[in-house]
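Structures given as structure tokens follow.
In what comes next, subunit A is part of two complexes: it sits with subunit B in the first one and with subunit C in the second one.
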Partner chain A sequence: MGKFVLRRILQLIPVLLGVTFLVFCIISLTPGDPATSILGATATPEAIKQLNHELGYDRPLPVRYLDYIGGLLRGDFGTSYRSREPVLKEIISRFPTTLKLSVAAIILSVIIGVPLGVLSAVRQYSILDFTGMITAMFMASVPQFWLGLMCILIFSVKLGWLPFIGNSTWRHFIMPVFTLALPVAAKNLRLTRTTMLETIREDYVRTARAKGVREGVVIGKHALRNALMPIVTNVGINFGALLGGMVVIESVFGMGGVGTLTITAIRMKDVPQVTASILFLAFIYCLLMLIVDIVYAYIDPRVKARYVKD
Partner chain B sequence: MDEAILEIRDLHVLYKTDLAVNYAVNGIDLSLRKGECLGLVGETGAGKTTTALSLLRLLPPQSGKITQGSIRFQDAEIMELTEADMRLLRGNRISMIFQDPMTSLNPVLKVGEQIGEALRLHTKGSKENLEQRVEEMLEMVGIPAARKNEYPHQFSGGMKQRVVIAIALSCNPELLIADEPTTALDVTIQAQILDMMYELKEKLGTSMILITHDLAVVAENCDLVAIMYAGEIIERGTAEDLFTACRHHPYTEGLFNSVPDINDRAERLKPIDGLMPDPADLPAGCPFHPRCPKRLPQCDRKKPEAVSFGSHQIKCHLFRQEEDSYAAID
Partner chain C sequence: MEKKRRNGMAAETWRRFKKSKLAMLGLVIMLIFAFFIIFAGAIANYEEKVQSQDLAASFQPPSREHWFGTDEYGRDLFARIIHGGRISLSVGLISTFISIVIAAGIGAAAAYYGGLFDSIVMRILDMFMGIPLLLLAIAVAASLGPGIINLTMAITVAQIPGFTRIIRSVILNIYSLDYIEASKAYGSSDSTIILSHILPNAMGPIIVQATMSVAVVILDTAALSYLGLGIQPPAPEWGAILSDGKEFMRYSPYLVIFPGLAIAISSLALNLIGDGLRDALDPKLRD
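What follows is the complex of A and B.
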């Protein structure tokens, strides 16, 4: 198992290098230059040229990229064109908000989605199942920004229950977390229902019943544990997607997180900031996938056996 | 003579699916005394598994339904027990061994835990006591006790079935239902498993219903035999009746003719040309008449009554109760 984890971590290096290359090139090849974005359209060409030279942006792309990689190898993630501060500093100051939002949303999505999915499967075709499926379908198909705006409209504007700009108190987190969680909860519900419908018909579930095991234990211990694999995968993937798509929610609710940081940086053509932010998100995504694989091994001894052999 | 421990009367079971209503069991009677072994024989689709699941009330809840009949087990009427009382019977006083050992064990739980589960539910005792019982059960079915911490995927098919047998016998059930316990196994270990099961049953004094489509297995192990066709028992008797009497239901004759060699157990039954009727669309009269080589004019209109010759009972128009003789018409 340890060997497996080590190998997976080593595999991260080429993946992350690829990410830096792609992001660096794409951002650099888009039209415009950082100095124009910073100084504005009214600045003189000389001033723009001067600033671009100061930022090192007038050098050819391959030279800049190699310079960047050289910095990475020394542990230097670059300096933001805009703020002239180390990019890592910005990321680290913004990350807690993003992390809190995504972790809370993922946990909430599991707490809502999985039990409802199990109930839907156990009571297939009941009113509960029917309502659950319709709601889930709705939640999974509406755009998140709309969901967020509706929340603000109802709970902040109309009812005045919850604040919505900033991230100063935990109450600021309630609406964004729900907005992020509900679509994922809907996906969890549908997936849990589908896999549970299969597992509750498995022979070993019947064996458990034939032993005289209580129905609740049959479902929770014998069926659910076997249905967990696809659910864990889904949670992992959605966690990643949540981080990537965070910008929408951060914008709607006016919370400064890594998402808004990245979007601003893209607009400003702040190449080091964009590359570092995306590199950071990619790293977390890969880490999540590794955690998913490790969790697999704990859920299913057959998967563990595969890892232990080599 | 001992009281019957199991008495099934006029049991009817159907499955309702989106497409059709399958009449899987159509009015069967069975009874079993303590220590006896009943062989329930018939082709695939005859309704054997359905009958067995009905005894434990474990029919698939979405589709299966017992529509009529009574099942008395000892002094309890199974049809009238609450779900909680039913759980006290399952795995404790009535156990079942399922057809396919490859899928009957939970892949994510240790085998020791799976054996211990029934024990924990139905017996009192300390944790150490329980562990010790689990180890005893494993040794009893011929698996080293140390392997209790392994998972099903580390076991071969034959060993999995041994584990399933250990689970079924762990609480010393009064009735053991074995549904084709060796069909899914290699021919070489089928005999081993059956012998072991039979020995354990004798040792514990358990009554048993052995479901099979293999007459050789029945001849070796069973006291009573019931032949099932399209959800009905068309012939029944002691093993002696079935294997020595000269009068048989034409379907049973077909079964005998289809056994090429008593040692070749791998042979699937294909007794007579044609197929078992569709349970959603059963023929009128005798369900076997479309395939019957000795069919009479009334066979497709009138259901035959059971005709008894002592303990031997046949449901066929070829026989008549009064004359007590073979009334073949030719």
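What follows is the complex of A and C.
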């Protein structure tokens, strides 16, 4: 098992390097140069040339990339054009908000989606199944930021129950977490229903029933355990979608996490901050995929068996 | 004879697609949307209704004259939404089409040549897959700057890796089937095998994926425009209209309700069609 984990961690290195290269290249396509955006359009050409030289911007792209990688290895993600502070400092100070939002949303999406999915599958074609499926389909098609705006409209503007700008109390987190979680919960519901419907018809479930095992145990222990595999895989994929959606939702609710930091940095053309924020979110995503793979290996006896023997 | 058989396949798919009520509902909704979008110019003149401002008529709630009400400049929201649909749906269709064509080229080559080339392509895809789709689109949009063409490019680039992966696996799957082996044994050339066996059989899953993708693109386009990275006002794109209207949400909630519903309903309809097509094309469910 340790061998599998080690191999999976080693595989992560080229992916992280590649992600860094991609993000670095994409952001480098931004027209203009750093000195002009720091000093403003009124600066003299000499001053701009001088500062670009100091920043190392007059060197070719591959050299700058290698330099950047070198910095990353030393924990240096670059210096913000605006605040002249290390960009990582700003990211770290805002990360707790993003982390709380995403973890709470993922947990909530499983708590809502999986039991409802099981119920839909067990009572296939009932009214409950039908309404569940329609709601889930609608939720998966609704733009998240619009869902957020509608929540604000109903619960803050009309009813005055919840605050909606900032992240000072736990009540500020309720609407953003629900907004992030509902579309993912809808996906979980549909997936759980499909996989449950497949496993319920498997021979071993029939055997368990024939043995006289109680229905609750058949569903909970025999069927659900096997149906959970694709759901675990999907939690990782959903996390990716969630991190993308996070950027939008944080702006809607003015949450001040890494997402809003990214958007502000884009608006201010603060290239190092943009690169670092996007990279940071992508790194978190890759790490999460790694954890999902390892968890998957633990619950799937087939993967486990392959490594335990040697 | 070949042609007749293919018609038979399409007719068979349509027959089974028709049986799903939800899929038909999606199709009807999409046809209604298509009608309004195609005839948007005839229903509401672009210069008169979408662009010209009439401050005396601002913030009118929905009425018989203005179905969806008017915005802060007195522009008719219904007219802006049907004209906006042109932008949202064409960004969705164009970016999905271009990314599929590029992905089909890369995916087919990777599947066909295999070996080192395939490994290199797959490793490059792994890098792209390390960045969530919307985040990748945000990065590309941020570096290119706002605008319709840049937005379409950003979304196209972000979609290529996912499509390439799917198309490659679909083609590999078909390539291992017995009838390809039989066709090879029969002496068919590579081009015959690719054009008359692999491509027609790969079309089904690709069309399903494409339908669902247009829905995702409509959502992502709106999100990017909402963030100010996509289409800029005064162009009537759905996300841009929403972003505009949110300032006045407290007193004129219809300014955010209607464009949001347009996005949600069109994307729901596409998802329903995609679901129906997948079931209709799935040989396992064939009766």
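Basically, the second predicted complex is superposed on the first by the 274 of 310 C-alpha atoms of A that agree within 3 Å, B and C clash if a C-alpha of one lies under 4 Å from a C-alpha of the other, contacts with A are read in each partner's own complex, and residues count from 1 in each chain.
What we mean here is this: contacts are C-beta pairs under 8 Å (C-beta built on N, C-alpha and C of every residue); 3 or more make two chains touch, one makes a residue touch a chain.
Computed from a predicted structure; not experimentally measured.
Judged by the touch definition given at the top, the superposed model places A:Leu149 against subunit C, while subunit B stays out of reach.
Of the two partner chains, subunit B is the only one that A:Thr207 touches; subunit C does not reach it. By the touch criterion defined above, A:Thr194 reaches neither subunit B nor subunit C.
Between subunit B and subunit C, C contacts the larger number of subunit A residues.
In the superposition on chain A, A:Asp300 contacts subunit B only, with no contact to subunit C. In the overlay built on the shared chain, the residue A:Asn226 is in contact with subunit B alone; subunit C does not reach it. In the superposed pair of complexes, A:Ser83 makes contact with neither subunit B nor subunit C. By the touch criterion defined above, A:Leu22 reaches subunit C but does not reach subunit B.
Comparing the two interfaces of subunit A, the one with subunit B and the one with subunit C have no residue in common.
Touching subunit A in their complex are the following residues of subunit B: 56, 58, 60, 62, 83, 87-92, 95-96, 98, 100, 103-109, 117-118, 121-122, 151, 153-154, 164, 167. Across the interface of their complex, subunit B is touched by residues 124, 201-204, 206-215, 222, 225-226, 299-302, 305 of subunit A. On subunit C, the positions that touch subunit A within their shared complex are 22, 123-124, 126-128, 130-136, 138-140, 142-145, 215, 219, 222-223, 226-229, 239, 242, 246, 249-250, 253, 256-257, 260, 263-265, 267-268, 270-272. Subunit A makes touch with subunit C in their complex at residues 14-16, 18-19, 21-23, 26-31, 137-138, 140-146, 149-150, 152-153, 157, 240-241, 243-245, 247-248, 251, 262-263, 266-267, 274, 278, 281-282, 285-286.
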